[in-house]
Amino acid sequence: MTALLEVRDLEISFSGLSAVRGASLTVAKGETHCLVGESGCGKSVTALAVMGLLARNGARKATALRFDGTDLLGLDERAMSRLRGNRMAMIFQEPMTSLNPAYTVGSQMAEVLRRHRGTTRTAALDRAVELLTLVRVTSPGLRIGQYPHQLSGGLRQRVMIAMALMCDPELLIADEPTTALDVTVQAQILRLLADLQKDLGLAVLLITHDLGVVARMAHRVSVMYAGEVVESATAANLFARPMHPYTRGLLACVPVPGKIKPDQPLGSIPGMVPQIGRDFLGCGFRERCGHARPDCAGTIPRRALGPDHDYLCQLEPDATAP
Amino acid sequence: MTGWRNWGLWLGALIVGTTLLVGMFAPLLAPHDAFAFNLSNRLVPPFWMEGSKPEHFLGTDQLGRDYLSRLIYGARISMLIGVTTVITSAIIGVTLGVIGGFFGGRIDDVVLFAITARLSIPLILVALAVVSLVGSSLTVVVMTLGLLLWERFAVVARVTTMQVRTLDYVAAAWSAGCSRSHILFREVLPNILSPLAVVATLEMALAILLEAALSFLGLGVPPPLPSWGLMIAEGKEYMFFSPWVIMVPGLSLFVLVFGINLLGDGLRDLLRTGRTA
Amino acid sequence: MLGFLARRLLVAILVCLTVLTFAFALTRLAGDLAISIAGAQATAADVEIIRKAYGLDRPIVEQFFDWVRRAAVGDLGQSYFFKEKVSKLIADRLPITLTLGLVGLTIALTVALPLGIVAALNESRVVDRLVSLVALLGQAMPSFWLGLILMITFGLHLGWLPISGTGTWQHFVMPGIVLAFSAIPALLRLTRSGMIDALASDYIRTARAKGLSRASIILKHAARNAAMPVVSIAAVQLGFMLGGSIVIETVFALHGVGFLAWESISKNDFPTVQGVVLLLAIIYTLLTLIADMFNAVLDPRLRAS
C-alpha cells in the first residue's frame, strides 16, 4: 500500500494554546481512514491543517506533511489552492451553512472545475449534472438552478460531496459529514460515501465521533485524544484488540446488541478533557485513566503491536487484560 | 480588549470631562468678559501668530471680544445642548421603544411606524423651519432637537427590550406572578441601560453638531451668545485673511465630538467584552 | 415577496401621509400665518387682505384637506416669496441637489467600500485600527466647517477648484467631498462588520476548500453577502445626504433644493418649505423601498419568502 497522505508529528497551536501535539497518521491510496475522538480532541483542526485552512491565528508545524510525495509545508497559498478542490477535497459538518446562500448550486459546483480545469461554463455545468446524478440526486438538471435554501440538509450534503468530486480528487476529507443530519439521511449519506470510495478508488479521511460509523466505513482507524493520536490500527484489529485505555473506554460506551445484557449499564469515561497548555507533558488521559501511574506524567512510548497496530501508553501490551 | 481601545475610552472621557468642567466653571475660567466688545481691538491673532497680544491668548473676534473667553462660554453652550437634548430625546425614545418592545403586536407596529415616519423627515430642514417659526433661543433649539433625535433611542430600546423579555429569568419572573410594572422596572430597564448609554453618546455628538450647524445657518442659538457654530458663521467673512477665526471654534467642535465618539466606542467595547466574559 | 412589497408600499404611503400632516402642522406652529407673511410693518387691514388672498380665513380642517388634495396631484401651492408654483421651483432645482447627492454617494462608496474590506481582511491589526480611527474622525467633522476649510485650501490657496456657485462639474467636487464625509463612517463600519461576518462563515471555508482564488473568495463569495446591509444603509445615507444638502448648498452657494429651502425658511415662505419637506420625505421613502427591492435581487432567500 502506498501512502497518499502522510502526516508526521503534526503540531497545531492557536495563539499559544496547543490544539494538536505531535499527531501522526497515514492515509493510503484508495482506503478509508477514520479519525475518531470526542469533540475538542483536535480531529477537525488536523484535517484543516492538512488542507491549509487553519484560521489566521492558527500555526502548524510537522516533521512531515506530504501529499502524494509533495511536501505541503513547502507550498505557498497559491500552490496549495491549486491542490485544494482539485486533488484533495473536503466536505464539512454543516451542510446548512457550508454553501453560499447567494449563488445557485450549479454555479457553485461549476466554479470548481472552471478554476482548476479552465473549462467553459456549459461544460462545467454538464459535469455538475453528471456528479449530482452520481451522488443520487433526483432531477439534477433542476437542482443546478436552485439555491441552497431550497434544498434539504441531506440534499445539500450530497451537493457538497458532488462539488468535492468535481475534479476527481484522490483524497476526500470528510469532517463529520453526517452529524448534522437526520438518522435516516445519515445512513444514506454514509452508504453513498462508501460506494463512491469503492467505485472511484478514493482515499477518504473520515472524521467522526461515532464508532458505529467507524465500524461501517473504516479500513483503518486513528483514535485521537487531547491532541494526540493515542492508537492507530486496522479497523478489525482495533475493535478486536483495543490497547489504549481511552480506546477501550470509548468502545465500552457503545451498546452492541447481543454482547450487552439489557440491564447492564453502558460504560462511561469519568472526568473531562484536560486543558492542554504549551508545556503540558505526558499522557493527556492520565487524569481519567484507571491505569494511571506516576510515569504517565513523563514521556510516553509509542508501542507497536504488530506492523499495523500501535498505541501511545505506558502499559505493555500484556499488562492489561481487555 | 487590548490597551488601544481603553486608551480611546480614557482619552474620550478626558476630552468630554474637561469640556464639561470648562463649561460648568466658564465664568471663573474666562479671562475676559465674553460679551464685552472693543472695536479698537478687533481680530487680534492668537498666540502662535505675529501681532498677538499676551492678554488675548487666542486673539479677538471681529468685534474685539476675547476669543478664549468666547470659546469657554461656547463649551458651556455645547455641553448644555448636548446633555439636555439627550435627556429629552432619551425620555421620548426609551418610552416609545420599551412600550413597543414590551407589548409587541399592534402597539409595536405603531411604534415602528413612528420611527419610520420620523426617519423620513429631513432633520436639519425641519429643525431650521421650527426654529425660524417659533423664534430662535437656547430653549427652542434644545426642545426642537430633543423632539427630533429620539429615534435611535427608540430603535435600541425596542430591540433590547424584546431580547430581555424573552430571557429565561424574565420568563421566570412572569411565571412567578410578578406584576407588569415590576418586570418593566426591575428586570427590563436595568438591562437595557448599557446599550442606551452608547446611544446617548452618539446622540449627544449629533446634537452638538446639529446645534452648531443651525447656529452656523443663523437659526440656532441667537447672538451674542458664543455658540461655536455661530462663531464660525461670524468668522466666515474673515476666514480668507484670518483663517484662525474659523479654525479655533471648528477644531474645538471637532475635538469635542471626536472625544464623545471615542467615549461611545470605548463604552461599546467595554460592554461587549463584559457580556462575553 | 409580492406580499412583502405590498406591505412595504402601504407603509411608505402611510409615512408620506404622516409627513404631509406634519408639514402642514409645522407651518401653523407660528400661530397666525397671515401676520408672518405680511411682515412686521403691515397694518391690520393688510393682514386681512392676505388672509383672504391665501385662503387662510377658512376653517383649518378645510385648509388641510385642500392641501392634501392638491399635494396628491403634485400641486404644492404657490410660493409667497418667489411668486411661482412651488412644484416648478423644486423641479428647477432638484437636478442640482440630486447631482450633488449622487456625487457624494459615489465618493463615499469609493472610499468606504475598499477601506471597509481592507479593514475586515486585517481585523484587529494596525490597518484595521487606523481605518476605525478614520471613521471616528470623519464622524466628528462638522460638515460646514470642513466645507470652509476646503474652500480656503483648494479654492483660495491652491486655486484648484471654484469656491462657490454652480457652473461646471468642478463646482460639485468640494460639496461632494463634504457630503460624502457624512456618509463614509456608517458605510465603512457596516462594510467592515459585514465582511468580517462573511469571512468567518462556513461558505467561505468551503470556497477556500474548493481552492478558489483569493480575489474570487473575497469579491465574489464574501462581498456579495456583505453587500445587503450596505445597500440598505447606502440608501438611507443618500436620503440623509439630500436632507443635509441644505447646509452644504448654503455654504457653497449651490442653488439646489437645499438652498431653496434655506431661502424660503428665512423669507417665511411656508408653501415652499412644506413642499421641500414633503419631497425629501418621499425621496427618502422611495430610496428605502428601492434598497429593499435591490436586496431581494441580491438574496435569493428574500425572493422566495
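Just so it is clear, A, B and C label the chains in written order, and each chain counts residues from 1 on its own.
Everything that follows uses one rule, which is that a contact is a pair of C-beta atoms (placed from the backbone, for glycine too) under 8 Å apart; a residue touches a chain by one contact, two chains touch by 3 or more.
Fair warning: this is a prediction, and the values are worked out from it, not measured in the lab.
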Considered without chain C, the complex falls into A | B
Of every pair of chains, which is linked by the largest number of C-beta contacts?
B-C
So, in whole Å, the Cα centroid of chain B is separated from that of chain C by 22
Averaging over Cα atoms per chain, report the distance between chain A and chain B in Å.
56
Between chain A and chain C, tell me the centre distance in angstrom, where each centre is the average of that chain's C-alpha atoms.
53
Among the residues of chain C, which ones contact at least 2 other chains?
none
Over in the complex, which chain B residues touch chain C? Could you list them?
4, 113, 116-117, 119-126, 128-130, 132-134, 205, 209, 212-213, 216-219, 229, 232, 236, 239-240, 243, 246-247, 250, 253-255, 257-258, 260-262, 265
Can you list the residues on chain C that touch chain B in the complex?
11, 14-16, 18-19, 22, 26-27, 29-30, 36, 129, 132, 136-137, 139-145, 148-149, 151-152, 156, 236, 239-240, 242-244, 246-247, 250, 258, 261-262, 265-266, 268, 273, 276-277, 280-281, 284-285
Where on chain A is chain C touching in the complex?
51, 53, 77, 80-86, 89-90, 92, 94, 97-103, 111-112, 115-116, 147, 149-150, 160, 163-164
Which positions of chain C touch chain A when the two form their complex?
201-203, 205-214, 216, 221, 224-225, 298-301, 304
